[in-house]
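There are two complexes below, and they share chain A, which is joined by chain B in the first and by chain C in the second.
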Partner chain A sequence: MLSGLANPRQAAAQLMNFGLIVSTAFMMWKGLSVITDSPSPIVVVLSGSMEPAFQRGDLLFLWNRNILSETSVGEIVVYNVKDKDIPIVHRVVRKFGIGPKAKLLTKGDNNLSDDTELYARGQDYLVRKDIIGSVVGFIPFVGYVTIMLSEHPWLKPVMLGMMGLVVVLQRE
Partner chain B sequence: MASQEKISVYNLADLKNTSDDAIPNYLNSLKFQQSHRLTDVRLTLGFSALAIAGACLAWDYKFGFDSTKYYTAAAVALYSLLNGALTLWIFYVERGTIYEGTAPSGDKLRISTHSKKNEPVYNVTVEVVGKDGKKGETIEIKRPFTEWFDAAGHFVAAPFQSVLATGIPAVGRADPKRVMRADDKVKVEVGGTEYTPEMLAMLASSMQGAGVEASGAEPKSGKKGERRRKA
Partner chain C sequence: MYSSLVRIQNTFGFFTTVAFVVAALIAASDFVTPRAPVVNVLKTTNLQVVRGRPHYYSSKKEEYAIIKFTLDADLSSLFTWNTKQLFVYITAEWPSTSVSGTTLPSNATSNQAVIWDTIVTSPSADHLANIGPIALKKLRKSAAGKPIDPSRGKITLKNQRPKYQITHPSGKIAETEDVTLRLHYNVQPWVGVLTWNQNADYGLWKQLSGGLSKKFSLPSLKKKDEGKKAKARGILVS
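Up next is the complex of A and B:
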């Protein structure tokens, strides 16, 4: 068990096993990212602005390629406000023009007004490039773990540490 | 000599792993030259994959997704290839090998082990290639773990080494004092008196009393039975 660490090759192999688990998870995430062409292909709903369709804590799956048709009115899209890292999940309610330079206006289903106030200063509309994906599927409630991890950041190293300990001490 | 560490005798993985760890220790102490070829290739494949994942993390963190997405795609593809190669290597080439080495006599050994689920039996397969390159025999040793683990879970080295030395000629040549010949009997020592197996058997049967007569009566009834069968 732990005494096996005296042998450097065995220690390296144990370390490698742990590293491979973490890196496989990471590479699977990156692979999904590349396939969907979205920097963040799975997002968690953080607010109640899209109720009753999506609740806080729902996990959303995004697709960012316009293979069959352009992003159109009625689609639920996720975008980041310029220079902010918080993804906002709202519906496209107006579209002016066509192609990549078309202007898009979004609004949360559960909000009274559209997103004009949420956009950056001087920005009145979104363009296609601002959108990081359209919602193509979702799993309810599963994402609450992420919300907990972000609201209590000490959970992250604790969870990772526990996983690491389990892998190193088991050799099955 | 029993080791200080105790393992659970009900955990088959622990039994097998402890025994697997003991084989290289024993053979290397007999001046076998271990070849780390298999482990080294596995480590190279694994750490290269890790390096690629690390690089991908680095450029994604520094430059963002959009500008590096083609590199990321290439990295993901390369990582999958390396990971797949590693899995194939472990499954097809290593195939449970826990020791590869050369005996002092020049023979090359390749030892692989496995144990079936819920069966506390240690299966050892030894492939021997002679010094001149001629392929020797493949030796299979099947022994229950109870032969070298005591009830508390300590690993006892001596009987384990005897199993290997008796079963594998190359090891037996290097460690002749551990080779058990067919006429070797295990001697038990109690309170200063040594009891041989014959003495123990006599003590056991005298304690049973009627057991002695029964064992004497059996051959007679057996003969009767034979006569009956013939008739």
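Up next is the complex of A and C:
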């Protein structure tokens, strides 16, 4: 188990390898962010407000560029309520005006009423820059790991511990 | 090199690769299935504009419009083995003559509001629909064991009351001109790309034929002293 540490050169090479992998993954994520023009191009569905279309744990791919046409009624968008960090995935049901100042109203398919109550106080409509992307595709169920990690925080160190153990034991 | 851990890793890696390729093939199969959705009838039957609170939680009184309509559509070609559900919705659209000071060309529909929507699930997704156990049983029976059921795509509604009363941010919606109803759909696949109704024919996918109602104008506010006879009718503008 200590053979890696006994040889500093090998340890340094391993560390560099690890660093390269982490930075490659990070750059791929940031590159995707730049291409889609969205701060968070892949999101996990957290609530059941868009059932039966999206279940909790589905992974969604977002696109935030309006190349061919503006964001219009019927699109499924992800937005953050002002000053809150929770992304909400709902459908645009009303749009008044055109361009970046157009007023948009959203509603979850599974909700009876629209999102007026979710918006910040005094805010009745969203504008285009509140939206961080429209959903263009999805993979079912893959994101459930993220939900489990955030709802059972003790899982994180357990998983990291297991992965670390596997890496260390492999060096035999 | 032949430890069981390495074997498990290889198997898992192979599994994810295969799953990914299969998912990509399923998603691609959507593009080679033809689609030909048709709307036979879409027209308004009753129009009303009322001043009041559109929802129970509204804090102020505004003018809101109730647009009842008749619909006859055949969207069965949109159901494939990869379809999870179909989201069908009808929007009322009308242009604004001026938006923040600048005048727009008259064909710009700069106001859109959904008046009615419905979710049509494929039999493979019935277990996900949020309905009670009896309704679920009825839904499953209606498909009679078929894995896909395109007949669910045939929608016929007569004098349907809208789900949503629409307002305008300015608070006034009475006597708005050049309003039209338009049908849209959103196909939600099991795996792949979400698609909406398109504006042109792309390959095997045909544009929605029909789906736009004639132009009408919203009536003026219902006057209380005229009593029940104040049901205003829509005016058709050809």
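Points worth noting:
Assume the second predicted complex is superposed on the first by the 153 of 172 C-alpha atoms of A that agree within 3 Å, B and C clash if a C-alpha of one lies under 4 Å from a C-alpha of the other, contacts with A are read in each partner's own complex, and residues count from 1 in each chain.
Heads up, the rule we're going with is that contacts are C-beta pairs under 8 Å (C-beta built on N, C-alpha and C of every residue); 3 or more make two chains touch, one makes a residue touch a chain.
All of these numbers come straight from a predicted model, not from anything done at the bench.
Contacts of A:Val73 after superposition on the shared chain: chain C is touched, whereas chain B is not.
Here chain B and chain C are compared by how many residues of chain A each touches, and C touches more.
In the superposition on chain A, A:Val93 contacts chain C only, with no contact to chain B. In the overlay built on the shared chain, the residue A:Phe138 is in contact with chain C alone; chain B does not reach it. In the superposition on chain A, A:Asp130 contacts neither chain B nor chain C.
Overlap of the chain B and chain C interfaces on chain A comprises no residues. Considering their complex, residues 5, 13, 17, 21, 36, 39-40, 42-43, 46-47, 49-50, 53-54, 56-57, 60, 64-66, 69, 72-73, 75-76, 79-80, 83, 86 of chain B touch chain A. Here chain A touches chain B in the complex through residues 1, 3-4, 9, 12-13, 16-17, 19-20, 23-24, 26-27, 30-31, 33-34, 37, 39, 171-172, going by the rule given at the top.
Residues 51-53, 55, 72-76, 91, 93-98, 101-103, 109-110, 113, 116-117, 124-125, 135-140, 166, 170 of chain A are the ones touching chain C in the complex.
Chain contact summary for the complex, chain C toward chain A: residues 5, 23, 27, 55, 57, 84-85, 87, 89, 91, 96, 99-100, 104, 108, 110-114, 117, 119, 121, 125, 128-130, 164, 166, 168-169, 184, 186, 188, 190-194, 196.
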